[in-house]
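For reference, the structure I am asking about is given below.
Labels A, B, C and D are assigned to the chains in the order they are written; within every chain, residues are numbered from 1.
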Amino acid sequence: MARIGVFICHCGENIGGTVDCEKVARTVAGYDGVAYSIDYKYMCSDPGQSLIKQAIKEKELTGVVVAACSPRMHEPTFRRACSEAGLNPYLCEMANLREHCSWVHEKSDATTEKAIDLVRMLVEKVKKNHALQTIKVPVTKTALVIGGGIAGIQASLDIANAGHQVVLIDREPSIGGHMSQLSETFPTLDCSQCILTPRMVEVAQHPNITLYTYAELESIEGFIGNFKARIRKKAKSIDEKLCTGCGMCITKCPNKKIPGEFNEGLGTRTAIYVPFPQAVPNKPVIDRLNCTYYTKGKCRVCEKFCPTQAIRFDQEDEIIEIPVGAVVLATGFTVKDTGFFPEYGYGKYRDVITGLQFERLASASGPTFGEIRRPSDGKIPQKIVFVACAGSRDPAKGIPYCSKICCMYTAKHAMLYQHKVHDGESYVFYMDIRAAGKMYEEFVRRAIEEDGVNYIRGRVSRIYEKNGKLIVKGADTLLNAMPVEIEADMVVLATAGVANEGSEELAQKLHVSYDEYGFFSEAHPKLKPVETNTAGIFLTGACQAPKDIPETVSQASAAAAKVAGLFSKDELSREPLIAVVNRSAPPLYSTCVGCFMCATACPYQAIEHEEIRDRKGQLIKTVARVNPGLCQGCGTCVAFCRSKSIDMEGYSHEQMYAEVMALLND
Amino acid sequence: MSTLLKEVITENTGIRIDQCYQCGKCSAGCPLSEEMDYPPSYLIRMLQTGNADLEEKVLRSFTIWVCLSCETCYSRCPMSIEIPKIMDFLRERSLVEHKSNRKAKKIIAFHRSFLKSIERTGRLYELGMLADYKLHTADLMQDMDLAPKMLAAGKLNIFPELIHDRANLSAVFSKTIKKKK
Amino acid sequence: MAEFEPKIVAFVCNWCTYAGADLTGTSRIKYATNVRIVRFPCTGRIDYMLLLKAFGEGADGIIVSGCHPNDCHYTSGNFHARRRWIVFRSLMDFMGIDVRRVHFSWVSAAEGAKWADVVNHAVANIRDLGPYDSYKKLAQNTEREISHG
Amino acid sequence: MALGFYPGCSLKGSSREYNESVLALARAFDIQLTEINDWNCCGATAAHNLNKDLSFALPARILALAEKQGLSEVLVPCAACYSRLATTLHELKKEDGLRTRISEVIGLELKASITLINVIQLIEKYVLPALDGRVVKPFNHKVACYYGCLLVRPHGILNFDREEEPQTMDAVMAKIGASPIDWAFKTECCGAGLSVSRTSTVSRLSGKIITDAVDRGAEAIIVACPMCHSNLDMRRKSINEFTGSPSSIPVLYITQALGMALGIERKELGIQRHFVKVEI
């Protein structure tokens, strides 16, 4: 005979002000199997919890229903309290009288009636609950970090320094990401490479970090603590063990006119190349799409000149499989190119460039060795226009959000330009200046007040070329929207930061959700900023949304702390609310007929085949079995099962029927 | 019924004036900006305030009449605000309230002569329209050199082309622009 | 005569619609009291036979609601739910069950206001349709026949 | 090939040569054009400037007459008329209430089922596929294709080419041997509806267009809109006075340019009617 205790919470006035809690307690007390029923001001308070614990012991309760707020809020609290009083925590259920009743209805009899119904449903459900034990799973203490920009580098170093193994992969031939392309960084104007390259080297030399560049995630399976990642190491066409990075091959490669990715198309590279001089690892790869040997069948000049015979034209992609316990996504972002802007010439004007291209022009290691020169004729621009919000905050172009970093880097660009071209004139067209950050506002003011950058509040409507000048048509909205026309030598568009191409596919591989713009979604916008909704997978940096370096680094360290926390235990506890296939006495063994419809429905490959044999080892039947480590408890298999042989703990057929029946038969 | 002009605009056109975040791209691209008393984004700002004096200025502005409906503003507006439709609405409203800008007299006279010509004949009778327009603007000399050249080139009809069902057309006018409110 | 107050059962998933209904509460958006929410882990878990059971026991209407397509916490549960619903609906229709009494919708955890709309819409709609006694009687008679031979 | 035809007022008056060249081209490619019976003026800028319902009713009457006549695809060469008809069609399709109201105003049944095409679409669809071997006098000149406003904007309604730097006219001209130039004023406004009431505006706006085309070496400006043509051609004297650098660049309808390349008599194409002499 069930002995259920029901505890009605007033939540101060939150529930009590709308629902007649006393009446609920009184009514429920009369139900079959209810041994105790009481209402109280705050059930989640210490005295409230003591009330429950005491009742469990004194009334020898076999189940508990707490009628209070949403179970999404306090279910763990009350289950813990039950457990402390010696009652299996899974024999505790919550009725949601606050979010689903008192807060959404006016005070009335109907509201109290609904509260009574909700409690009755859960009383009937809890009678069918089973005592369950948490599931323990082992943890593989290796983290996979995807993406080797500053986010991935920082996360890898932090995890590795905490004493855990890290596998860092990057799809480019070198780590470094966008930060390695930057000239100087706001608001301190320190050189980006100077602060980044030591970290890159540290990654390469760290005993706990295994680095695979030119590598991508092929697939991943498993669950928190127990993933199995398959990584495609793309063929670099060299033997990395033999290559010394002497660079002879690069000097000799006859194919020198390929637009270089690192210089954002403003410089060229060879077909066998390292992206930039400080690359890590500093060993070349052959770009097979542009290599004459691969496209035309002959050349092999690099092979001839390589002093260590390290060139491998027949190398193939290699797939390696590694067990990991956690994944950190740090795949970064990209910026829209100038071709995205019809009104700014569809990218056809060579002297209309992106902010990232300007970084390369301003960088001492860039194609112009740090001199600001026009890509078209190499002349130093005397008049330069910067356009903020190019694509960002533009719903008509499909990018309604603010890209966050452009205000600051545009101020930096204008400043760098004024530092390098003293007699030059610079203009910034902006809509709002978003300089929220330590020393950020001061930085922008410096650009305006000390470096004489002309800020004009208005958006540029059109850019066209006339007699070698770029005509920029804007308006000054602080001067009654007066039209402003500037004949510029060069225009820099602070183009919108957008998700990397292929981010959706990657998210789907990892079962991580993403927003409509392709950025990965955090599990909670405020309280879980580095978690994803898939346990064991974390994110950091601009793959979640555009962000600057300080923010990226802090988020990377945060993700690393989460991973370290996960790796601090040898075993993980998991909720036992999972599917089970029934078992019964011989000769039936199970009602499962082995159709494996469940396996087709399961998104987690959690359904296994189990062979039932007699003592002689003779096969009697094959039935389904749920791997408790893999099952996430969605219950799709339960709805699919034709013979009702698979059921779900916590949401069993019996429980759900009991709930519905209780609701409709008062 | 709302009394704020911006809300009246929303009720009649579905366009939400408060969507504008004042980037000024419309004013920057408008070919007529420099001839306007208030460039488009500025005019929208005036409407956003809900200030009665500013609304009055909008209805009395020259802007709404010099706007050519070239649609450049709308095509580049990041918020896809249909400014030409707003201008259409404001013009009609300005006329109804007898607030049209003095400088726009000729523009309005032209539109009126144009419609009068259509109402009478069904199709545009350019010579008739021009005569009517000149009568109303007292600008007798305007385009005097054009007409003979047009006649010579066979570009001007001496007589109007009349459509058959002119009764139908005159009904259309009396049910729309001539409807008594 | 007092207005007919329909009994409506809502089968919702834990991750989107249940959380969305929580948000309706936190936002203090009011809606009709006629709905009782039954929490499932995922719409994929919902066995549509339970809908028939609910009608048989006297429900006048049912709401089924989960995550938007592509937003399922379990990746694809809501797609399974939708696919099975399409099949099940035509079966219900064929059997003569009034399919207008089942409201299928997507409400995300961020759509508190939408949940209130879904409920109010369903209540108004089912109020117009009137009590669903016919199926209840049929189901109970059938049950009696079966148990009494 | 049979199409409905809405010439509009300009083509019957001040832009007669556009009508002549459209008809000449249609004859050359066996396209039967059936004029809509008893059509009226679309209301142009004047109607939508003064009264919304009238601005829908006038084009709606035209659409209704075309439907009554059983025409399904209607050619509208005038970009301004096209814009009014397309906008009306768009709004009528969007809003059933409006359709009922306007149908009552015009006293005619209104289904809003017509498909409209402009002259360039006509050329792309019916002329280019049959063009092989028909060009006898390649139009080997540098041309500035001028689209103006109403051919491409608003894209949501017209769904033709792209709003910035459109290409379709350029592609057609290249097919008949011309070299279209890349220039900056393809879709800038010429002053259109202010032609009579604010001539100075027209001189300023059209002046910029002509100057840019000439500066970039164009030998002719190609248009597909009677308003653009009359502003750039008939108003040339005042434009020249305004810019201070007189230009004699001719302005041709795309149909005239095609006709010339096909060897059709210049007179048949109405070229003698231009104010600015066509000496190419």
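By our rule, contacts are C-beta pairs under 8 Å (C-beta built on N, C-alpha and C of every residue); 3 or more make two chains touch, one makes a residue touch a chain.
Remember, predicted model here, so these are calculated numbers, not experimental data.
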item: A-D or A-B - the one linked by more C-beta pairs in contact; value: A-B
item: Interchain centroid distance [CA atoms averaged], subunit A/subunit D, Å; value: 52
item: Rounded Å distance between subunit C and subunit D, as computed from the means of their C-alpha atoms; value: 57
item: Separation of subunit B from subunit D, taking each centre as the mean of its C-alpha atoms, in whole Å; value: 21
item: Overlap residues in subunit D, where contacts from two or more other chains coincide; value: 163-164
item: Residues of subunit B touching at least two other chains; value: 72
item: Chains touching one another, given as label pairs in label order; value: A-B, A-C, A-D, B-D
item: Subunit B residues within the subunit A interface of the complex; value: 21-30, 33-34, 38-42, 72, 76-80
item: Subunit A residues touching subunit C - in the complex, by the definition given at the top; value: 70-73, 96, 98-100, 103-106, 108, 110-111, 113-114, 117-118, 121, 511, 513, 533, 577, 601, 603-604, 632-636, 638-640, 648, 650-651, 653, 656-657, 659-661, 663-665
item: Residues of subunit A defined as touching subunit B within the complex; value: 343, 389, 393-397, 431, 457-462, 473-477, 480-484
item: Residue ranges of subunit A touching subunit D (in the complex, touch as defined); value: 342-343, 345-346, 348, 464-467, 471
item: Of all residues in subunit D, those that touch subunit A in their complex; value: 162-165, 182, 184, 212, 215
